Structures are given as C-alpha cells and as structure tokens.
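In the part that follows, the structures are each spelled out as structure tokens.
One chain, subunit A, links the two complexes that follow: it is found with subunit B in the first and with subunit C in the second.
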Partner chain A sequence: MTTGEQRATDLEKVLRRGQQQLAAGSAADNWLSAVRERGASDVMTMARPDRKQEAWRYTPTSFLDKAEYAPVVEGPFGAIQPADVEELMLGDQQGTCLVFVNGYYAPALSRLAPGQHMPQVAVLSGQLGDVPAQLKAHLDGIAEHHHVFAALNSALMSDGALLYVPRSASVQAPIEILHVSVGLDEPGICHPRHLIVLEEGAQAQVIERYCALGEAVYFTNALVEIILRPGSRLSHERLQEESALAQHLSDLHVRLDEGSRYKHVSATLGGAWSRTDLRLNFAGEGAQADLDGLMLARDKQLNDVHLDIQHTAPGCISRESFKGILDGRGKVVFDGRILVAQDAQQTDASLSNHNLMLSRSAEVDTKPQLEIYADDVKCSHGTTVGELDHNMLFYLRSRGIPSARARQMLCQGFAEEILDRIENPALHGRATRLLTERLMTYSE
Partner chain B sequence: MLSIRNLTADVDGKAILNGLDLEVKPGEVHAIMGPNGSGKSTLAHVLAGRDGYSVSGGEVEFEGQSLLDLEPEERAARGIFLAFQYPVELPGVNNAHFLKEALNAQRRARGESELDSVAFLKLIKEKIAQVSMQPELIKRPVNAGFSGGEKKRNEILQMAVFEPKLAILDETDSGLDIDALRTVSDGVNAIRSPERAIVLVTHYQRLLDYIEPDVVHVLAGGRIVRTGDKALAKELESKGYGWLTGRDEAA
Partner chain C sequence: MGSTATEMDELVARGYEHGFVTDIETDVIPPGLNEDVIRLISQRKGEPEWILESRLKAYQHWLTMTPPDWSSVRHPPIDFQSISYFAAPKKKPELQSLDEVDPELLATYEKLGIPIEEQKALAGVAVDAVFDSVSVATTFRKTLADAGVIFCSISEALQEHPDLVRENLGSVVPHTDNYFAALNAAVFTDGTFVYVPKGVRCPMELSTYFRINAQNTGQFERTLIVAEEGSYVSYLEGCTAPQRDENQLHAAVVELVAHTDAQIKYSTVQNWYPGDAEGKGGIYNFVTKRGDCRGDRSKISWTQVETGSAITWKYPSCILRGNDSIGEFYSVAVTKGMQQADTGTKMIHIGRNTRSTIVSKGISAGKGQQAYRGLVRMTQRAEDARNHTQCDSLLIGDRCGAHTFPYIEVKNPSAKVEHEATTSKIGEDQLFYCRSRGLSEEDAVSMVVNGFCKEVFKELPMEFAVEAQKLLAISLEGAVG
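Our next item is the complex of A and B:
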C-alpha cells in the first residue's frame, strides 16, 4: 500500500479491472466468455454479503473495507524457482502436481507424471494444450452463485486445474493441485477455478492445497466443481495453510450420481479469514459421502465452514464430522445443513461438530440444521463446545509429561480423529506438523 | 522413602484426611484398607499431586524431600507412580506414542538420555509380554474403548515401563476377573525389589492373596486407626471394618 489513507474494495471495480485484464489477454479462452458473462451479470445484481443474510451472520467481510484488493496480474512470478517452493512440496509423491502461483499455472514448478495419459489433465489458461471438449462441456455445469464471490470467480476465472478421468479408469497416484501465494505491493485477489470429472466407475485421489511464501495480504477466491458419474469414487483431501494475513474462500460444488462415493477431508489451518462452502447434491440413488474437517482458529483468526448437503435421491448415506480448535480470540463458525427431500427415502445422514476452546475469549457459532421432508430416514446431529478435560490433563502429567506438552498432546489427539482420515501419508504428516507448530503458541 | 506426618487435606471444603501418619521404607509393600469414604483414594491423589485436593496441614517427604510443592510431572520424574482406579481414556492419543513421550519426559527431567525408537520398541515388546497385554492395544488410543480389565493391564504396563520407586495402586483390583487380577498381581510382584516400595489401596482382602503385604493399615475417618501384618487383613475379612471404626459397616 502506497498511501496511509484507508482504501476500500469495491467489488464492481474489481470486476471491471479484471475484465480489462482478460480483454487484453490471449483469445485462447474465448470459449469461457458465456460463463464469464453469466458471472459478471450476477456480480452486478448481487450485493456484498452482510450480517442480515443468515449465511453471513457471523462472518463479517469487513476486511474489504480495510484494503483495496486488486486483480492479480500475471507476469512477475515466472522468477520463482523450484527451490523457492521446495519446503511447500509433499515428499515421496509420484503423481501429477499442478502448481499455481497467485492463481496462474506455473509450468516450471509443476510435475506431470510420465505416461499418465489416462486422466486428462488441463489448465484453464490452455498452457497444457487445448482443453478437452468433455471438460469444456462440464465447466460451470453445477456451480451456483450463492454469493457475489462465486459470481466474481465465474466472471474473472483465468486459470485452474481441469481433470477428467475416463470411464472405469483408476488413477493410482494422487493428483495434486497446489496454490502458492506470493506477496505483492498491493493486496491481490485471484480466482482459481477447478473442475474434476470422474466418469462412470472411475477412481481417483485429488489433493488440493493452498500455501503462501512469506506473510502477505491477499484474497484467494476459489471455486471447485466436482462431478461424480455413476459408481465413481473420489478421495479429496484439502489442506489450507494460507498466510496469517490472508483471506481465503473456497466454494465447492459436488454432484454425486448413482452409487458414487465421495470422501473428503479438509484441514483449514491458516488465513486471517477463511470460509469454506461445501454444497453437495445427491443426484442419484445409493451414493455415499464422508466429510471430515478440522478448523483451527488461533488469535483473531476466523474460520467458517458452511455445509449444504442435499439428499434429493433415495438411499444415500452422508456422514459429516467437523471439529474446531480455538485459541485466543479465535472464532469458528459452523453451519451444517442437511436437506432430505420428500423422495429421498432411506436416507442415512449424520452430522457432528465438536469444538475445543483453549481460551475463554474465543467464540464458536455452531448451527446444525436438519430439514427432513421424507418419513423413512435415519438422521442425527450433535454439537459440543468444551475445554480441555482436567482428568485427561492430570493423567498425562501424572505420567511425567509437562503441562504445556500435555495440553498440546490432547489438542493433537482431538484433531487426530479427523487428520487420521487423510490417506496420503505425506499430507497427513504435513497437516500434523503444521498443527503442532501452531499449537506451540498456546495462549494460556 | 515415603514419610507422611500428621497430614490433613480437604476436598471442596470437606476434611477428608485428619492427621494421617505413614512411614514406607524401600522394599516394603503396604496395604491400605478401609471402608468407602475413609480417605483411601484422597491419599493416593494427594500423593500424585492432583488439583482440587488442598493440603491444610502436615508434611509429606519422599526420599528426604518435601513432595507437596512439586507438580505432578515432577513427582513422576522422581519415581512416584499412581495406578488409577478409573484410568482415563485419551481419544486420538496413541498409546505407544504416549508411553514413549512420558518415559522420555521422565528421563529428561532426571538428566538421563532419551530412548530412541528402536530401544523403546524393544523395551515395550518385552514389557507387553510381561504383563500379558494384547499387543494391538499399544497401537490404539490410550484406554479408548478398552475393557475394564484392559485398562487396568495398561496401568500395569505403564508401571512396568516407568519402573517407579514408589508405586501407589488405587483400587486396581476393583472390577477385575480372576485372570486380570492374577496379571495385575504378577505385574506388581515383578517390580518388587529391595529399592522399591508399593502401596496398595484396596477395599478387599482378595488382592492380598496374590500380593503379600509386609504391613497392613486400616484407614478410617481420615486417619490410620490400626496397623498390623497380613493377619490383620484376614481379620478384616471375617470381622468387617465396624469393630475398628465404631460403625456398623460390612467389609
């Protein structure tokens, strides 16, 4: 920021500046113009979220008043060398890793698994060749603009990962999408846009990560669409470790067709402001989703997860388990909505949100909601907010473990019930290590 | 080794220990018996340093040094071990990791070198066999979903690994079937040595059929009211506690 005077972000101005940039770019992504136009027209009609909207009641967007976020221009990031991001990479990985720097595909940092032609991998900017027609057909197929940020993503998307796994194909090594944010002179906003399509009977694992080089102010406004055709299986593991000054929004849309299976684990550990919207639609019978999430909110961090689970088809199973750890003046917002439509008989859904408060100054706003219109279903929900258990602490200390370490072990234990669901050992190790480091600065 | 003089303590403002004296020497096994509510568990917890028990008078010395100002972890490092009546479940905390962390914390505090993973695994394997524990329990979260007997065995495993100078077993025999009782007793007998002392807090004489005590005390109303040898335990079994406490209470 060049002046001391406070500047605010005007989302329409962000849109205009972003559109000018896109107009100056290459014509390779002309096929996106209809999608972008739909996004732009929604941006013009949608207001910035405020506390009067239930979905934003506890999640202020006042950071937009404190700085002017400008669209990130591609260019200077080519200078980043693999050595610069080495610390961010997961060890022992064989699969494809698509690295994006400030939202733009970085070929020099990415790894394309040799001979891995089975899944079709492309990026929105066309840098990995023409986007296959199947992917073009699915893009923007299920994203709904529930808020202006999603519309802004559609209007200004310029890069992102596109994965297509053909019928019955099984991708062995995990495919990784890694975002790296680098500090700029001005706070930047970028709009990563990803699409994952698994055809009938296909199987894949996708790892999605958001990291930063150094502490910087920026806003990652991501949108992910996932389409699971009948009988396909996707394991989706996410780790958000953004800069402590950053804002992060992930808007995920998942469609499950008949008999498909979606396994999701997310750990949101970073960012000053983090929000994840996960909208899941059971479109076909007998599908199953297992969603687990860990939210960390240390001092002055806000960590929000909104789930919107729509059981529209019968006989589907969904299990949602989210945990929050709060310290200092951290804040967790959890809103878990399960809708069971009238025709969705034999639905089996359970939702839980357990929170561990390490400080009396922290705040949890948790709201599980079951809306059930069918009569033959099994649904449950439960939420708790608690402190560290004194009996557990004494037990550890009576075995010789010092108090601070005992607290840390109990927090890790609390988190491990979620992190344990991460299948990739390197990702599990990284999430555990980051959590441990961040819990070191225990406030009380 | 352990010297308690005129100890008084209360819980939530209620006096539980009322001038308790106890002297335990290295190599000895003491049984502390008594009716419910006599202060047995309070004594065990005060020795381990639990919050919420306020010592209002008296002294406790361990190896010549005052114990009461030490944190629970410092007491553990000096060689005091409490086997809990109700071992605590620690979801998400791996049992092997917990044991290694605890053992090395104690060793660090004593200025000893830490055990590396290889040395620890070797030790733990040997101790698991010694206490007849199912090996898979070591890979699970501490006590989480363990049966009552498994939890008690896990306490004995910890005792075997830490090799404390003074082991206090708080009603470790309660709720055990005969096989588990035998395992627990074998575990205690295995660590008996001329350098170590053991305090068994128990309501029933049954445990003393397996672990032969050198001294038996009867605790009532927060004081030791009678001290004898193992014959005293037999007498309690046939006569109950009433003749010592002045109350009509069954053993």
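Our next item is the complex of A and C:
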C-alpha cells in the first residue's frame, strides 16, 4: 500500500481472499461447504447497503471506503497469555467460557467447566472434537441473508461457538462466549458464527461479549442463530465493548417454539460503528420474549439497533425496551418492527424506545413500526427523544450536588433501568462500571 | 352474535350509496398524454405563456421519474395514456344565482344530501362547486370580495391575479417533489385559489365540493391558499363520486402558505367510490398536500376524514419554518372491503419553539389495509421544539390490517418528541357494558367507534362533523361479530 493512498474495501475481494484462505485450511469443516456456497452466491448478487435501502437509510457504511478490510488469518495469537486478558474476564464464573481471539478459538484462554448436565459444546473449527450431528443439522437453519454482511458471514465462517442443551437439561452456570480483538497491521474482518440450540424443556444462560485489547481498527461481522425448542428457556446477555475505532455488526436470528421463553439484555457501548440486527420469530404458540437494550453513542459514534419481531404464531407475548444515551456528535438509530401475521390472534406486543440527548450535535433517528394483520391483538409502541429534565437537575443542584455529578446521576438512573435486567452479577457489575466510566467522560 | 354477523355481512355488502352518474354533456379531450395534450389543456383554458412553460417543464421531469413503490398500497400499474386529461361541462354558464345552475347538477347535490340552498341557509357557507374540472357555480363572492378575500377557481386566478399565483404556485410543492406532484403540475385542470389579505379574518368557512363525474377522466386539481400576515381562513373540502367500473386516478396538489401570525385550517371529508366487494373499480387517490408556515407564530391545521377511495395515498404535511409556528394533523381513516390507505403526515421543524400535534385514528374492517406513515424531523435549529404523536388503530375482523410506520429524526437535544401507537380490536368489555345497558350491538359499536374518533371530529367545523359521523356510520355500523 502506498502511503497516503486511501483504499476501499471491495466485498467481493474480501470474499475471494477469504475463500482462498478457507481452501488452504483443514478439511475438517467440509460439512460447511454447502452453507458457505449459499453465502458466497448471495454475496455475489447482493449490493452493498446504501441509504436508498430502507433498512440502511440512517446507517452509512462509508467506513468501507476509508480502509481496506482483509480477512483475518488464523495466526500468531498463541502469544496471548491468560494474564493479558485477565482484565477482560468476569470474576467468580464457574461455567464454561469459550474465548475467541480475532474470531479464532483460543483453547489456552478458554475454560471448560466439568459437571453434570453439561451442554454439548463445540466450536466450528473442530478444536473441541467433532461437531455433534444435531448441531450440524441446525446450522444455517434459520439465518436469512437480509444484507450482504450476513451472506459474507455464511460464506466465510470458520469458527464460533456451538452449544447444544439436551432435552430437560438445566445448565446452572452461565456459558460465556468471549471475543477478544487484537490490533493487527491491516484492518481485519472476521466472521464469528454461533449456534445455540435448546432442546425441549432445557434451560440455560449464555453471556456473549465482544472486547478488544488496545485501540484497533477491525470489523467484527458476527452472526448468531438461536433455536429454542418447546418449553425451553434461555437467558441471553450481551455486552459489546469493542475498541473505539472498530466496526461491529451482530446479526441475531432467534426462533421460539411453543411455550419457550427468551430473555435478552444487551448493552452496546463500543465501536465507532455498531449495528445489531435481531430477528425473532415466534414459531409456536404461547412463547414469550423480553428484550432490553442500552445503546450508548459518544462523539462520532454510531449505534444502531434493528429489531424485527415476527409474531407468526398465536398467543405469544413480546416486550421490547431500548434506551439510548448520546453525547458529542453521537448518533443512535433504532428501528423496531413488530409484525403480527394473519391468525396470530391473542398477540400481546409492546415496544418502547427512549433516547436522552446530552449534546447539541447528536442525532437520533428512530422508527418503531407496527404491521398488523390480525384483529384480536394488543400492540403498542412508544418512543421519546429529549434532553435531561431541567427540574430534576435543579432539584439535585439545590441539594448541593454539582451540575456535572447531577447529570451523571440522572443518566445513570436512566440507563440502570435496562442494566438492572442483567441477571449475572459479575456482568452487571462490569456493565455498570463501564457505564459510569463513560458518563464521566461526557463533556457538557 | 349470529344475527349480528348477518347484519355485518349485510352492511359490508351494502352498495355505495352515493353511486349514480349525472348525465351532463361533457367536453373531453381524447385519452392520452403528450406535449400536445398539455398545450391543448393550456390553450382551452386560455392560460398565460409562463404557465404552459412550467407545465411542459414538469412534464419533462415527470417522464424521467418512476412511480413510487415504497408505500404499502398495491395496485396494477396505471396506464397514463388511457386517461383523459380534460373534461369540462360543455355549458359554461355565467351564473348570477342558483336558478341558473343546471337543474340536473342541483339534483345531484340534493341526492348527496348537501343541496347548495341548504348549505347557504344553514351554514352561511360559500360553495365553489367543482363539477368535474371546471367551476360552474360560485356563491357568496360579494361578501368575500368586500372583505378583500379572493376565492375563485385557479384558472380564473391565473387570468385575474397572475402575479399572486405565479409567486406562490409550486413554492410549497415544486414539480420535482414526487411522481404525482409532477404529473399534476403538468396537467392540472382546475382547483381553487384562496387569498386572504393582511389582517383579514375570512368571514365564512370556504368550501368546495369536488365531484368526479365523466367516465375515464382523471382529476388533477390544484389548490393554493395564501394567508397573509395576521389573517385567518378555514377551508373545507368534501368529496363524493358516482359508481363506475374503471379505476380513476386522482392526483391533486394542495399548497398552503401561512405568513406571520396567519392561520389556515384545512378540513377534508373524502368519500369517493371505494370499489365493489372484490375491490374492482374505485378511485386511486394520490394526493400531495403540504403547508408552509413561513412566518413566525403562523399555524396550519389539517383535519381529514378518509372513508372512500380504493387507494388513498396522502400525507398532508407542515413545514414549520417560522419561529413559534404550529402544525397540526388530525386524521380518521376507515378502510373496509378491499380498500387500502397509506396516509400520515410530515412535520418538519425548522424554527425555534415550533410545535406539532399528530392524532391519527385508523379503523380497518373486512379486508381493508391501512398504514400510518409519518415523519417528524427536528432540525438542528429547532430549539425547544415539541411534537406529540398519537396513532391508534382499531381492527374489526380477522382479515384486515393496520400498520404504523413513524420516522423520527432528531438533531436538537432541546427538542422533545413523543410518539405513541396502539392497535387493538373493539373492546369486548366495552361492548358488553353497552349491551347490558340495553343498547343494540350496532349502537354500541357506533358509540365506541365515535368515541375512538372524537378527538379528530371535534376539530372539524360543525356541519362537517355531522357529515363525517354519517359517513362513518355508513361504513361501520354493526361491523362486529
């Protein structure tokens, strides 16, 4: 690369280079070839998202023009010792923790918890033994390539966590999936691919985290598939604390069968550009989903959440509550669609999105949507955008609390409504600490 | 419940009550659209040269555009060459009084239950009756003239007040705005022009009854209302159309200009032919309505009751440019049978302390589909701006749909935006309560629906509110099983 010359990312080139790399790799993942081919052919036909596409109206992808992202080669991450990532680990955890460095499974950093009712744990790269047949059968079962990045993930996936919780098993300790990104010379793009399957009546807790060692430019393009069989229960907690220069895209696909329950809390704090697409499909009657999310956007940071909640079966309940706090030239994009299909009677769905703007140059673009084709339903959405309440600030200041501290307290209170939904104490502690640190840096 | 279900079927199957064709000779340009047709329209109307130029410019631009596909409405492609772009009643009477109006026309109005005489007596309303595309009767012009208010057809305004028209026409909705606005700018045949001078409170509610009558004639009205500093005007627009088989295109453009301290209140009751039970026929209503609050403390208020048309596609909007200006949008939309409605509003907050209120009530029955689609934009300059949006949908029947697509864009932290939406079916408990008090199911439904829409109806001028409730009753009574 000549100095000063700006290079852009060509997604087709990313695909070609990634495919070459995969071809040179081991043959252990040959079973993935059909999925990869489907992904590759979609990459070739899908255009790069631009503002003319409704789902990308407010989310520019101009970062692709500013740097050339190349597929990350599995490489010299062996040098990373447990001590290096200690700061990133959650304390007091008993359960399995699968650590991925730049998208590749790192056995030396991971922990496999012994004990009964163990879920079957595997990784795509086969480093934890052969992938069980029931997981192979479900992979790519519900993912849809509704944008080119999802197709790219399918085409180039090489590693990721695969969890299978057998019928009626209840996993006590949370299972953690931790991504650590380490800066490389060139901006890299990696495609973590996870699959979580809970069989009938099974129960589990999964924590999914994305962190970085140092400030680095990279693009995490993750895709997660979650299948909840009848009567199963999953608590899914996500904390995204990527490097401030990074791009992060999470594409989540969740299917809920009859009577299953999905509880989701996410806090997206990091990255220069962060987007989460969550598509949740109610495939069986009487299922319930509770989704909460906190989105922080500091100066020049974009934080985007797109929800697509599909009530295709009758009698399901969904609750979505997302909050954004913006500072500097931060931008929050929220799109929350609730679809109630014909005959999905007795649906009860409500969605809310509240945003707090702390600066004059921030921007919120929010778009809750209801699309309803059944009549016996209860659906609502509400959204607000505003600044801190002057009366509240005045009250705190009149009690002797300095202005800056008063603002932090109010923001903290606003955000904690979401963070308090996190069940894991260590994760809750970490998220709260990161929030407090962030609020301290806010200018106005 | 069995008997109610039958009643419902009957009501849903009920034909269009206002469907009849008045037999008046019309002067129609053969179907088709090209520059010659536009020249012909302009020539027939004896227009000044500049308006022909702007028509041709709009036409050229229209040729480069494609029909919008982003809305939820579905319809077969429109063949713009099969539409006749001009139809005027052949008799062009210079009328001094109602006696001179074609008796057949008067009879038509009587059938609709809105005879001009009654309007005159009851409400003191001046009616500029647009029969097809040319105004044939104007009343109360003298009272208005005394106040200095200009209220006439746009073709007349082009002759008599060319400067006023030239200054404002296309200033709120330019021909480049959208596909249908471009088409309208090229082929508009008539419409209304209102000018309220500085400090004048228009002495009466202005109203125009539109009527689409000739077979295969699209209507392309152009309405322009200019309210000068400190003035006030309330404008009513109401429509019914006779039954026919061909889909008819209606692509109107309405532009409102409110200067400092001026207020414009624009009310619409729309009840065009919605098509038969299979969705055949019916009006395609693609309308561009926009108001510009140009001056400080100006106010524009849109109220609409939309019960007709096979397809309704309209987004009456406000550009809140002046500081402290106010925009309002109150809407009741009813879709039944195979009707589709995609409607909503845009509130663009530019000035400081601007406020907007959006209240949208959607009622969907049978196989009706409707969507609220709205935009609230707070620009960086919109200090302390406020918006409150309330969108409620009521579903009657398990084959209808109601959708809500609000867009909210905020670039100023001191702006406060609130949006709420709910969707539900008519409360069984409410109906049960009413019935336990001895009300029939039909009355109970009517009561609940009227309560649901009350917030909007109270914004309508009195005589319009009555008509609106009548229309709602025809559309929905007892439509619950």
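As a working rule, the second predicted complex is superposed on the first by the 440 of 444 C-alpha atoms of A that agree within 3 Å, B and C clash if a C-alpha of one lies under 4 Å from a C-alpha of the other, contacts with A are read in each partner's own complex, and residues count from 1 in each chain.
The rule we apply is simple: a contact is a pair of C-beta atoms (placed from the backbone, for glycine too) under 8 Å apart; a residue touches a chain by one contact, two chains touch by 3 or more.
From a predicted model like this one, the values you see are computed outputs, not experimental measurements.
Novice: With everything superposed onto subunit A, say whether subunit B and subunit C fit together or clash.
Specialist: fit
Novice: Name the contact category of A:G382: first (subunit B only), second (subunit C only), both, or neither.
Specialist: After superposing on A, A:G382 lies in contact with subunit C but is clear of subunit B.
Novice: Between subunit B and subunit C, whom does A:Q345 touch in the aligned arrangement: first, second, both, or neither?
Specialist: A:Q345 contacts subunit C only, not subunit B.
Novice: Which partner does A:L358 contact after superposing on A: first (subunit B), second (subunit C), both, neither?
Specialist: second
Novice: Tell me the contact category for A:F414 with respect to subunit B and subunit C: first, second, both or neither.
Specialist: first
Novice: As a test of reading the superposition: which chain, subunit B or subunit C, is in touch with more residues of subunit A?
Specialist: Of subunit B and subunit C, more residues of subunit A lie in contact with C.
Novice: Does subunit B (first) or subunit C (second) touch A:K52, or do both, or does neither?
Specialist: neither
Novice: Which partner does A:P368 contact after superposing on A: first (subunit B), second (subunit C), both, neither?
Specialist: After superposition on chain A, A:P368 lies in contact with subunit C alone.
Novice: Measuring by CA atoms in the overlay, how small does the subunit B-subunit C distance get, in Å?
Specialist: 16
Novice: In the complex of these two chains, what residues of subunit A are touching subunit C?
Specialist: Checking each residue of subunit A against subunit C gives 54, 58, 342-343, 345, 355, 357-387.
Novice: How about subunit B: which of its residues touch subunit A in the complex?
Specialist: For this pair, the touching residues of subunit B are 48-51, 71-73, 75-77, 82, 84, 87-88, 90-94, 98, 101-103, 105-106, 109, 141, 158, 162.
Novice: Okay, in this complex, where on subunit C does subunit A touch?
Specialist: Subunit C reaches subunit A through residues 70, 378, 380, 393, 395-425.
Novice: Going by the contact rule set out above, which residues of subunit A touch subunit B in the complex?
Specialist: Per the stated touch rule, the residues are 389-392, 394-403, 405-406, 409-410, 412-417, 420.
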